[in-house]
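We call the chains A, B, C and D, going by the order they appear; numbering starts again at 1 in every chain.
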Amino acid sequence: MVQVVMSGNHASSYAAKLARVQVIAAYPITPQTTIVEKLATFVASGELPAQYIKVESEHSALQACIGAAALGARTFTATSSQGLLLMHELLHWASGARAPIVMGVVNRAVAPPWSLGTDHTDTMSQRDTGWIQFYAESNQEVLDTTLIAYRLAEDPDVRLPVMVAEDAFYLSHTVEPVDVPSQDDVDRFLPPLARAFAVRPGETQRYGSFVGPELYMEFRYQVAKAMKRAAHVRPQVEEEYRRITGRHHGGSLAAYRVDDADAVLITMGTASTTARSVVDTLRARGKKIGLAKLRLFRPFPVDKVCELAATVGRIGVMDRCYTYGAAGPAYTEVVAALFGGLHRPIVRNFIAGLGGRDVTPEAIEEMYESLLKDRGPEVEWVGLKRRKGVTTHG
Amino acid sequence: MLEVRFHGRGGQGSVIASELLAQAAFLEGMYPQSFPFFGVERRGAPVTAYSRIDSRPISVRTSITTPDIVVVLDSSLLRTVTVTSGLKPHGLLLLNSEGFPDQTRVGFSGRIATVDATGIALAHGLGSKSVPIVNTAILGAFARVSGVVTLESVLKAIEKGVPAKPDANREAAAEAFEQVRVLEAVVA
Amino acid sequence: MTSYETEEDLPDAPIASEPTDSIKTASWRTFRPVIKLEKCTKCNVCWKFCPDVAIEINEEGWPVVLLDYCKGCGICAEECKPLAIEMVKEEG
Amino acid sequence: MARLTIPAEELMRPGHSACPGCGATLVMRYLLKGLGPNTIVTVPACCWTVIGTSFPTTALSVPMIDCAFEATGASVSGLRAAADALGLTDVTIVGFAGDGGTADIGLQALSGMLERRTDAIYLMYDNEAYMNTGNQRSGSTPLGAWTTTTPVDAESRGKLESKKDMMAIVAAHRPAYAATVNIAFPEDFVRKVEKAKRITGSRFFHALAPCPPGWRYSAEKTIALGRLATDVNVFPLYEVVDGRYRITRKLGRVKSVAEYLKAQGRFSHLTENEIAAIQSEVDAKWKRLLELEALG
């Protein structure tokens, strides 16, 4: 294991290389480009003997991976924002085909207006497509989670595609020290892909097929079951990764100083780093607050959220995204998770950091203060520039 | 509420038959609902279509599994499709065929009506020998034996509803109305 | 052919692996080709042009219509140079 | 007994759900006779999606991989890359798509595949409209043809635009091989497929697939109509090898296009001068093809 200062994007490329991916199909889009450029150098130098298909669109990128996965090759792709939206048709296809594809997504706002800044709208819009979805907080987490994603995707009980999301620029183009595991360690953790499902030349097999109303639900139920099993397989895989590398990123909902907390903020991605420092500063001023980093959005950790509500009376959910006509998607999922549980904490939704806007310590403090008040708006756009003071429901 | 199931082959006009029936029922102030079995229509391959007719707005949107009337536009289907499955015992089976089928083979002992819709259709130049267009003829017979819609509203529906040859189609329906014959139910 | 009734019967991915030979498309036809061997010159044109692979050539080289599958399209009769094939209406 | 003029092995099974007299099934049948069993076919949304029958059956003895409507070219590249990565070097990868799936929605993916020199075959079976959805006009529908979206009425005389010239578009990508094939000439069809099998690089086929319900003719005429299409020069047979054109069927006397048009219901509305306009277009294209061939 060696420590290298590298960007989040390169952390993704190194992970793909260490995973000995066999087929890469990718189309460039800011800010994902340095992932695929780095991979191109690995392939060109012979360090990574993969087939690299430089496709003419993201839609084709994912279709190429699905084709390759059908034959049993380990595949990788990466994209952002508009590219991910163009892939949408194939995202559903990949889960339906049980293709264990791993994709890096650099979260970026969707147009119009054009924006290169980070924003979770692209990946959140894919929450119904049957992909397992991780949101990383650090470059280290990007590398580790991408390797974990392959073990999870290829697990015989799972066999689902996995998305590893990282915030544009805060991770993708930010360099920081990253521990790079050795190839031997990774080979021990991640064996070659068993061609269980793969179609073989000469076989009478049709991969995809066509059904009427009598069997469609049953096929799709299998995808639902696989996603449920993924929730159980993920902790085991992450435990084994810790055993081999010594690193663990806190599971699906990573709690920090929540045990005696009056209020806890749930955050995703890089906002969690800043929020964690605010917890320490406010704790030092006697405020009993905590943080829970929502790292796994699909399958959604319902039990972990209910566990949190058992001890915390006020939960804030920071969404770096917004569902028009409703609320932030993470907030909506948290409230839904709690509805079936025993506890009724106050839950409030904070919309912040859209389009790459900084989520500053002040903004985080504002969220905690609002959360600690008895009455407040259900959804608050924090940091929104408006003439009127109060930034209430959108 | 009355439920009807049409059996035919791709290209024979079963779906249009169900739509024409809906139009006819509507013209008589009733509430119709007609829909095809959405599957793979291939010329020659078995096709099913459905109609519901009621005096009140129809309050269900499912496929029809226990029809009151089954209409078979091509009796060669009897060899491969159990056209009478779910047909209510006191229901009606209307067949496009020259003679009466052996009831046991058809597995239905209720009322059976037959009409040579193919002969009538070809006599009026509707469709070809291999793919006769029998839907309007069978609807004329339907008007007679179903007691649900009158011949007059069937003819009016045909006027506006058929893609081609409205006159020939109307004449075929009227002729089938005359020629249809009914075998009363063996069961009391 | 294995029957697939419930979710547990299904393969883990949507993979179909039974050949369509189990599907008899005979019911589609209203006409059936009848080959008059006395006119047949064993030229195999009927076998060659059948869209349903529903004509076989037996050991002696005669064409045999597989009535399980023939959809009665009539191409064989149309293309048969010696006019050895006639399309006959199926009984009612 | 006459020797078989095309390979005996059948890699397409009976029992599929094509319409009686379907040209697209013969396209598949002859393609697989030419390529043999070590072949993997990827198919987007098209008639063959349904012809291939529903679960649990499949109409091919070789693997068939379904893919999205717009992405056949990408599915081909993905399969080829995986085959190379997994050492399945001698398997032939084939994209098998309809005219709409190739000339319209799938054109970009095809262009990408050709530009990347993917070592695979892409065959467009051309029934000249979106037939699986009931005969709506595609870019490949010929001038003047009736379809459900180019009706014939006071304000509309069938399709107003000419058929998109896919062979020209593909040839501009300089593939290793491109050819037109016609099910009415199975020997020419299979010979070209066997030739293409021996070539590495991107190879393309434009296959005519007459369609009884879509073109509105009686099913038994599928082969006769296919033959006529070539004999009136509507669908000339030729191949393009490294940019050089070679016509593989030349006739002394060419029949008039009217005979071909009048045999199909989709053209039954055409007036004499509309037919004349089509005839002059056909003649101009044939003249151009002869010039291209002469370039050598």
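Assume contacts are C-beta pairs under 8 Å (C-beta built on N, C-alpha and C of every residue); 3 or more make two chains touch, one makes a residue touch a chain.
All of these numbers come straight from a predicted model, not from anything done at the bench.
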Any chain in contact with chain B as well as chain D: C
Closest chain to the centre of mass proxy, which here is the mean CA position: D
Which of A-C and A-D has more C-beta contact pairs: A-D
Farthest-lying chain, centroid of Cα atoms versus that of chain B: A
Mean-CA-position distance for chain B and chain A (Å): 56
Inter-chain centre distance, chain A versus chain D - centres from mean C-alpha coordinates, in Å: 43
Chain centre separation in whole Å, for chain C relative to chain A (CA means): 53
Cα-centroid distance, chain C relative to chain D, in whole angstrom: 23
Sites on chain A at which at least two other chains make contact: 199, 203-209, 211-212, 215
Per-residue overlap in chain B, given as positions that touch at least 2 other chains: 42, 44-45, 130
Junction residues of chain D, two or more chains touched: 17-18, 20, 50, 53-56, 58, 61, 212, 218-219
Arrangement of touching chains [line / ring / star / complete / other]: other
Chains that touch, pairwise: A-C, A-D, B-C, B-D, C-D
Sites on chain C touched by chain B in the complex: 24-31, 71-72, 74, 89-90, 92
Footprint of chain D on chain B - complex, ascending: 10-11, 40, 42-45, 128, 130
Interfacial residue positions of chain C with respect to chain A in the complex: 4, 6-7, 10, 12-19
Contacting residues of chain D [partner chain A, same complex]: 37-40, 42, 49-50, 52-56, 58, 60-68, 70-71, 73-79, 81-86, 88, 91, 108-109, 111-112, 115-116
Chain D - residues contacting chain B, complex: 17-20, 50, 54, 212-213, 218-219
